[in-house]
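The first chain written gets the first letter, and so on, giving A, B, C and D; residue counts start at 1 in each chain.
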Amino acid sequence: MGWSTAERIVVRGKDLPGEILGHLNLGDMAFFELTGRVPDAKESKLFNAMVVTLVEHGVTPSALAARLTYLGAPEAMQAAVAAGLCGLGSVFVGSTEGVAKMLSESSAEEILQKYKRVPGLGHPLHKPVDPRTRRLFEIARETGFYGKYCRAMEEIAKSKGLTLNATGAIGALACELGLDWRAVRGLGVMARAVGLVGHLLEESRQPMAEEVWLRIEEEASRHLKP
Amino acid sequence: MGWSTAERIVVRGKDLPGEILGHLNLGDMAFFELTGRVPDAKESKLFNAMVVTLVEHGVTPSALAARLTYLGAPEAMQAAVAAGLCGLGSVFVGSTEGVAKMLSESSAEEILQKYKRVPGLGHPLHKPVDPRTRRLFEIARETGFYGKYCRAMEEIAKSKGLTLNATGAIGALACELGLDWRAVRGLGVMARAVGLVGHLLEESRQPMAEEVWLRIEEEASRHLKP
Amino acid sequence: MGWSTAERIVVRGKDLPGEILGHLNLGDMAFFELTGRVPDAKESKLFNAMVVTLVEHGVTPSALAARLTYLGAPEAMQAAVAAGLCGLGSVFVGSTEGVAKMLSESSAEEILQKYKRVPGLGHPLHKPVDPRTRRLFEIARETGFYGKYCRAMEEIAKSKGLTLNATGAIGALACELGLDWRAVRGLGVMARAVGLVGHLLEESRQPMAEEVWLRIEEEASRHLKP
Amino acid sequence: MGWSTAERIVVRGKDLPGEILGHLNLGDMAFFELTGRVPDAKESKLFNAMVVTLVEHGVTPSALAARLTYLGAPEAMQAAVAAGLCGLGSVFVGSTEGVAKMLSESSAEEILQKYKRVPGLGHPLHKPVDPRTRRLFEIARETGFYGKYCRAMEEIAKSKGLTLNATGAIGALACELGLDWRAVRGLGVMARAVGLVGHLLEESRQPMAEEVWLRIEEEASRHLKP
C-alpha cells in the first residue's frame, strides 16, 4: 500500500508529508485507506460522523475487557486495546457489517420477505427514535447522501415497528458512500480502538478494574466456600 | 465517560448527536477522549497530522500478523486487527511513549547524560532527515506548537548525529500539546487500527497471506525433510 | 469454578494441592475443566493424544503471526501467543468444532444428504490416509472409545472418497468422550497455546520473523517504487 | 520445528503418530516443545504439576476479560481466549518469569542486596504458607529436583518474612529443571489457555458476563445522569 526511499514516503500514490499530513484528518485517512481516494468535503463530513458515532459507548463489555487486561499488563497497553477489540463480533458492532451486506444484496421488499430478524433494528433504550440515526440522516441529507439504502432501512423499520438504530443507519450510509461491505465492521473496530485508548488512560488515572474484579470474584465464589 | 437516556446520548458532558456528530472529525474525537476538551482549529490540525502519520507503514510485521490471522478466521476481522495491534510494543510504535515520558521528566542536557540509547532517534532509511519530522515540525510552527520539547529533541539528535525520526517528533509534539505520556502509545495504536482495516480489506480482495505462509513453511522445513 | 481460604485452594470441588497436583497431568486437568470429573486411565490416554495432535504443525499462519508479534513486543510474550490464537477460526482448527456439532446433530446418512462440504475431510498432503487419524483411532480402539461417531465419519469419508483428516477424527472422538461440541474448538486453542510458546522460545534464540518481514515488504513494494 | 510428507509427520525429530501420540501427555508435549527432549517420569510429574497449578484461579481479571469478549463474539471463541491471555503481564502470572530470570543471574545473597521487591514473595490470602508451594516442593523432593534454586527462594522468603508464593516456587522449579527463563512466562500462558477454555464453556452454559456488564455500566454512569 506504500513505499519509501530515503527522501520520500508514498502511501497509495500520494506523498505522505506533502499531500496527506496537514491536509487529511484521521477520518479522511481512513476513507482514503478503504477507497483509495481522498474524500471531498461532503464525504469527509458524513464519513467522519459515522465513525465518530462508534467511538464511545461508555462502559461496554469491550471497555471492561480492555481495563481488566490493562490491570494485569499495564506495560502493554496495545494488548489491552487488542483484548477490547476481540469481542466486536456478531453481537455488538459487527451488525453494521450485516446491514451493509444485506442492503448490497437485496431490496427492502426482499429483505422483509427473507429475514426474520433484520440487523440494525431495535434498541433497548432509544425508542421510538435513535437520536444518532436522526442526526446521521440529517447530515446525509445536507451532504446529498441520503439515498435508496437509507430509504430502504427506514421503510423496513417502519414496517417492522422497530427503531432504526445507529448500526442500521451506519450500514445504510456505508452503502450510500459506496464502501465495500467487507470493510464495514472495520469502521466500528477503528472507532473503538480510539475509544479504548481513552478508557485505558482513564483507567490509569481512576482505576475501576481491580475493584470490579475483586467484587465479582467474591460474589462468584461466596456460595462455594465452607 | 458517557451516559444515555431514551432521548439523549452524552459523552464527557457533550451531546453526541447535537454537539459532536458533524462537528468533530475522528482525530478531534480522539483528542476529546484523551483530554476531555474539544481541540481548537490549530490543535486539530497538528493532532490529526500526528496520528495520520502513524496509520500506514506498508507491509509491517503488524500488517503481516493481521493478514495471516484473517486467513484463518475471515469471519472475525476484529480479531485480525487485534492480532496486528498486539505487536505494537517496545520495538515499534511504542517508542513514541518512551520519548514523551523522557521529555516530560528530563531536559535535553539530562537526557544526553542519562540515556545511552535515546528513543526517537535514528532511521535505517530516512537520513539525514526524516521527511515526516520535517513536515510535522512545519505544521507545529504554523500552529504555534513548535516549542521547548521539539527544540530539545532536535538538539539531542544533532548532538548524537542521528536522524530525529517520526516517533521522536510525535513524542515531542505530544508533550507540546500537553498530552499525558501514558496516552502516547495509544496514538500509534489507534492509528494502526485504521491502517490494519485497510490492509484486511486489501487482503480480502488481493490475498497475499496464504502465499507468504506456504513459501515460508516450505523454506523452514526443507532442510529437515528426508 | 474454585475458591480459596488461607489454608485451602479448591477447584471444582477438589483440593488443588492434595488431590490434583502430582495426580493429574495437564491434559487430565483440561478434561477436568471441561467435564467436571477426573478422567480414568483410558479417557486420559485418548484425550491427551487428541490434544497433543494439535500442538505443533510447524510454521503455520498462526505461528508466523505470533513470531511477527514477538518481534515488535518481546516484553509481552503473552500478547504474541494471543495474536497467534486469534486466527484459529473457521478455516484452520475451528473445523473440529464443526465436525463435533455436525455429529451431535445428524447421522451419517443425514450428513451425506445435507452437507455439500463435510468438515473434517480432505487433506492436501496426507492421502489416502492421514497417519494421525489412523493412530488416534488405534488408541480409540485400545481404550474402548471407537464407536458410532468414528464409524460415521469413516463411512462418510469413504462415500466421498476423501481422507478423514485429523480434525475430523478429533471431532468424532470428542463426541465419543461425551464432550460438549461448544468446547471442541477449545481443544485446538489450548493445544496451540502450548505450541506457540515453543515457537516463541525458538524465535528468541533463532529469529526468523525479521527476515520474513523485510523480504515480504521488499517484494510487496518493489513494483511501486520509481 | 516439524515437517510432513504424505506418509509421515515429524515433530522435532520424533514421529508424531508413532512416538508421540499415546506416549506423551499434554504436559510432556509442552516439555518436549521447550527443551527438545521427552521428559523422564520424574520430570514429567514435576513439570505437569507446575503447569497444572496455573490452570485455574477462579474468576480472575483474565477470566472476566475472556467471558466479556465471548459475550460479543461467541462465534470466535479463540479470540475470547486470546483476550484473556493479553493481560498475563508484569502484574499477574508474568512474575514466574521474573523469578526464573533473577535466580538464573544471582545468588540469594545478591538478590537480598539488589532487590527491594523480590518477585515470587507475598500473598494476600495464603500466609504464612502457600499450600501450592508446600505441595510443589514436596513433589520436587520426591522426584529429586529440590535443589539450590528452591533453597535460595526459601532463604530469601524467610529473611524477608514473606510467604513464598506459587509463582515463586514455579520460577525456582523451572530453574531446577533447566528451563530457559524466557520460556517461563509461557508456562502460565499455556496453563491459562486451558483454564480459559473451561471458563468459556461454563459461560456458554451459565452466563455471567452480561449481568456483570450491565451492573457495572449502571453503577459507572448513574452519577452522571440528570
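The criterion applied here is as follows: a contact is a pair of C-beta atoms (placed from the backbone, for glycine too) under 8 Å apart; a residue touches a chain by one contact, two chains touch by 3 or more.
Predicted model only: the values in this text are computed from it and were never measured.
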Steps needed, at fewest, to go from subunit C to subunit D via touching chains: 1
Taking mean CA positions as centres, which chain lies farthest from subunit B? C
Higher-contact pair (C-beta pairs counted), A-D versus A-C: A-D
Subunit A-subunit C separation of Cα centroids, rounded to whole Å: 32
Between subunit A and subunit B, centroid-to-centroid distance (C-alpha), Å: 19
Provide the C-alpha centroid distance between subunit A and subunit D, rounded to the nearest whole angstrom. 35
Going by the contact rule already set, what residues in subunit B reach two or more other chains? 2-5, 58-59, 73, 75-76, 78-79, 82-83, 86-89, 93-94, 221
If each chain is a dot and touching chains are joined, what shape do you get: line, ring, star, complete or other? complete
Residues on subunit C engaged by subunit B in the complex (per definition of touch): 58-62, 64-66, 68-76, 79-80, 82-84, 86-94, 208-210, 212-213, 216-217, 220-221
Of all residues in subunit A, which touch subunit C in the complex? 2-5, 10, 73, 75-76, 78-79, 82-83, 86, 221, 224-226
Seen from subunit B, its contact residues with subunit A in the complex are 1-9, 11-12, 16-18, 20-22, 24-30, 33-34, 44-45, 48-49, 51-53, 55-59, 76-79, 81-83, 85-89, 93-94, 125-127, 131-132, 134-136, 138-139, 142, 180, 182-183, 185-187, 189-191, 193-195, 197-202, 204-205
